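Should a chain be cited, it is by its letter among A, B, C and D, assigned in written order, with residues numbered from 1 in that chain.
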Amino acid sequence: MSHYYRLVVSCPDRVGIVSRVSGFIAGHGGSITEASQHSDLQAGRFFMRYEILADSIGMDAAALREAFAPVAREFEMQWALTDTRRRPRVVLMVSRESHCLVDLLYRWTAGELDCDIPCVISNHEDQRGLVEWHGIPYHHVPVPPGDKAGAFAEVQRRVEEASADSVVLARYMQILPPSLCERYAGRVINIHHSFLPSFAGAKPYHQAHERGVKLIGATCHYVTEELDAGPIIEQDIHRVSHCHTPGDLVRFGRDVEKAVLARGLRWHLEDRVLIHGNKTVVFA
Amino acid sequence: MSHYYRLVVSCPDRVGIVSRVSGFIAGHGGSITEASQHSDLQAGRFFMRYEILADSIGMDAAALREAFAPVAREFEMQWALTDTRRRPRVVLMVSRESHCLVDLLYRWTAGELDCDIPCVISNHEDQRGLVEWHGIPYHHVPVPPGDKAGAFAEVQRRVEEASADSVVLARYMQILPPSLCERYAGRVINIHHSFLPSFAGAKPYHQAHERGVKLIGATCHYVTEELDAGPIIEQDIHRVSHCHTPGDLVRFGRDVEKAVLARGLRWHLEDRVLIHGNKTVVFA
Amino acid sequence: MSHYYRLVVSCPDRVGIVSRVSGFIAGHGGSITEASQHSDLQAGRFFMRYEILADSIGMDAAALREAFAPVAREFEMQWALTDTRRRPRVVLMVSRESHCLVDLLYRWTAGELDCDIPCVISNHEDQRGLVEWHGIPYHHVPVPPGDKAGAFAEVQRRVEEASADSVVLARYMQILPPSLCERYAGRVINIHHSFLPSFAGAKPYHQAHERGVKLIGATCHYVTEELDAGPIIEQDIHRVSHCHTPGDLVRFGRDVEKAVLARGLRWHLEDRVLIHGNKTVVFA
Amino acid sequence: MSHYYRLVVSCPDRVGIVSRVSGFIAGHGGSITEASQHSDLQAGRFFMRYEILADSIGMDAAALREAFAPVAREFEMQWALTDTRRRPRVVLMVSRESHCLVDLLYRWTAGELDCDIPCVISNHEDQRGLVEWHGIPYHHVPVPPGDKAGAFAEVQRRVEEASADSVVLARYMQILPPSLCERYAGRVINIHHSFLPSFAGAKPYHQAHERGVKLIGATCHYVTEELDAGPIIEQDIHRVSHCHTPGDLVRFGRDVEKAVLARGLRWHLEDRVLIHGNKTVVFA
């Protein structure tokens, strides 16, 4: 099966970037199968993502990176070049609720998520059976109120042992310590129940019900030190009415949460999400 | 053409309400063409709306009200019985932007809004031509920062002179004084740009753009003294992406605002919106 | 936990139905927790669904049915009265693809689908592991082109042995014989992989891609003898663009299919779907 | 205010197109503010659209076209280069219903549609007042069943006299003759009152109601000789239920029709729609 190189670039905007990059690729005979660009005219910044048929280029990824480095320097690029043959490693973290986990495991099994899942980490035992049935190791790391630091040291050890590229908080109801957020900046994805920035805090669906809203939502975002304030990847909503109980809102919330997280994660895995400051460019 | 009586009831929930009310109507030969009920089990309150073919009942609305009054007392009902032959009178208020106004006037002309529009009130002259072309009087009531009280006295005089049943703030960028809010409680409808309770305040679409949200929205609600916190009638959203400028968000916002306001107003005019505390029951 | 009686009625429309039925219930002290009515003015037919707190009535379901029978006769009703303590029995049928099955099993485990699943029947072995992991018996009934009749006799035997109330074709890629459709009329639910009535037939997503549509959809409907033409319960869509391959459409299709089937099945299990001719009334 | 050149290209896919085109633009100092590409891997065809800041290039549009012609020849391009200072001329055609017309005129007035509207043509007199109030000439061209050829000769004369670039059938309930379709191929936009390919033909909302569908829709497409079968630009839907009458469906249909047509037209005017065979690439 064909594999691809994905070149993702962000740099100060100026004349000639596309010409220089596409010229570089064409010069090596590279066949571009998908190309996306965006100029943020306010920020004066340029973003691009190219998908290149690997076989059309007579080099492996390492050699291509070396060849491209001078171009990148010339334009002061933040950049990455990935090879789709190297599957990213994603650690999932969950608490008790399984809706996001079940959904992600189905999609992974069905080939919708192009990654390895070296392990699942949870502060509870509840999902062990499901995870192990999928042939994935399950690590139970309790988070006692009195020793969160110890627990998160253990979490970090597990994540590093797994050589994780990314971490997905698939309804992991604990707040990660700043050190972990920083260590994996731009690589930890969270799903937030309810429509940020509204109804932050506990029991959001009950708050929404109390307020009599006609829509509930979910937000998928990168985790930063400031709680629930990181760059947004994707959002969606579900209509509700006076007929619906708080329990119904929770149920609808599960559906929108899992859909939004799955979309966000897939885009992340395909290098479609570029972070700039507290915002994202999503070449969906 | 047939006309209808609309009976709208809210009362403490208990056994036998539907039986008593439907028995009353059947006893007068009344043919119910549409019936909606809702029990708010948490609040212990019952809501209903019946649409009755007027010709099937041998009474005019006044007589029917008198006959129903004892039933209403028995169940401690808040209630109203309207006759669709009496068209409600709706005063529209606008500032400079016309998107909601144009939309409402089209729908009114097309017969989608069953009401009279005795006049339009504005703090600017901009929309006079459009309004008068529709044959509707236009009152320019400036709101000088130094004499808001005087201006709103004039507004109230105009609204009362028009015998208005309801007032629609179709992008009227002024805050109504508490006296007016109270005088017309449950009868002043506002459209709020952006997704309440997020991004309250000025330039909401620019705030939303700054935050990098993937959805923008609008909320139609009844006006109460507390700004933008009244009972929500309807909400909707529009997807946005990194491609969109603040100007695009404003443009999408116009579309969602006018759609949400038109739906909310139509339901209000058809007596489909029942207020209970700070929430609504909408028999859409 | 409280249980409920659900009374579902369809009859010729005339004055006094609601009064008679609600009077009957009130006469027995019945507390109605949810009530829905609909008059189809074109067809002259009336539909209703009441949810009654069982403990508020001093009778079991059988006695209540007997007491209600004269009312039903008087108004020529088609009707049913169910007790939520008796969980309906639903047989799932699948072929190779598991997206609907995984979704339904998750919802069933999470308590979103109030039914028993006595068994899963499939013409393939693929899903045995998943089904048995959930503790549900799995019957492999191959459907050889040369002996479909024999296969469906076996299917029918399995369904009857399971005392199934309903059958869900959760992507079961075989056409049921007329005898089975008739035997279980109004009780076999199918998910159609496309937005009926467009693109009926094979490879609908490829048809849709070929036509360059901007939306794809799914339809949940009751199975009738005429293929894909039975009463529609629910539909939904997913946006697509020129960027998407037929494979992407298939993937989006899976999401919309499982969502639509899950909603349709839940409504069916809660007696919210009333069939009239080739259409449905859905008290969602 | 800045103006832009828009370069739109479609050609056989091969290595080096982007490099050649972007190199050409960079070589003239051109600053690209928006760039979109698409490779249709099945069809082996490449599509691109560049928006270039005109002031960054030291040439007018004619000179730039001449300079680009050799590149275009080299890659066998179908291409166009437009200057946003030249506003396209769009003739609107309507019959009796005004919802799309009112919507387009509002958007045009509000600056959402960057075009001139030299005239409106109708087979009825109904919309003359509205159109003339906007300062636009109105031509009444009746289409008698006995002399359609004469009528369409008159229509064509009016369209040519107006130097129209595009024609919008904003609910013009007549079928254009093949000669006109061919003469303005890819430049006549229609809004189809239903979700194609379903319910083509008369009274689509009544057909949809009869079938009991849960969604209705609208399709914006280019007109071709084969009725309602031209390349689709945009589609959208509106949810309906058993509560809704055919009249409600017509009303919802108006909302979705006008929204879909407005989006399609705006994209067309901004050169975002590229036709290939019977499909479109829409760089929205």
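General observations
Just so we're on the same page, a residue touches a chain if its C-beta (ideal position, glycine included) is under 8 Å from a C-beta of that chain, and two chains touch if they have at least 3 such contacts.
The shown structure was predicted, so the numbers you read here are calculated from the model rather than taken from an experiment.
Set against one another, B-D and A-D show the most C-beta pairs in contact at A-D. The greatest centre-to-centre gap from chain D, using C-alpha centroids, is found for C. Interface chain A/chain B: over half of the residue numbers present appear on both copies, so the contact uses mostly the same residues. Chain A and chain D have Cα centroids lying 37 Å from one another. Rounded to a whole number, the gap between the C-alpha centres of chain A and chain B is 42 angstrom. The multi-chain contact residues of chain B, meaning those touching 2 or more other chains, are 41.
For chain D in complex with chain A, the residues that touch the partner chain are 15-16, 18-20, 22-23, 25-27, 29-37, 39, 41, 56. Residues 98-99, 102-103, 106, 110, 112, 133, 251, 254-255, 259 of chain A are the ones touching chain C in the complex. Those residues of chain B whose C-beta lies close enough to touch chain A in the complex are 38, 40-41, 195-198, 211-215, 217, 231-237, 241-243, 245, 278-282, 284.
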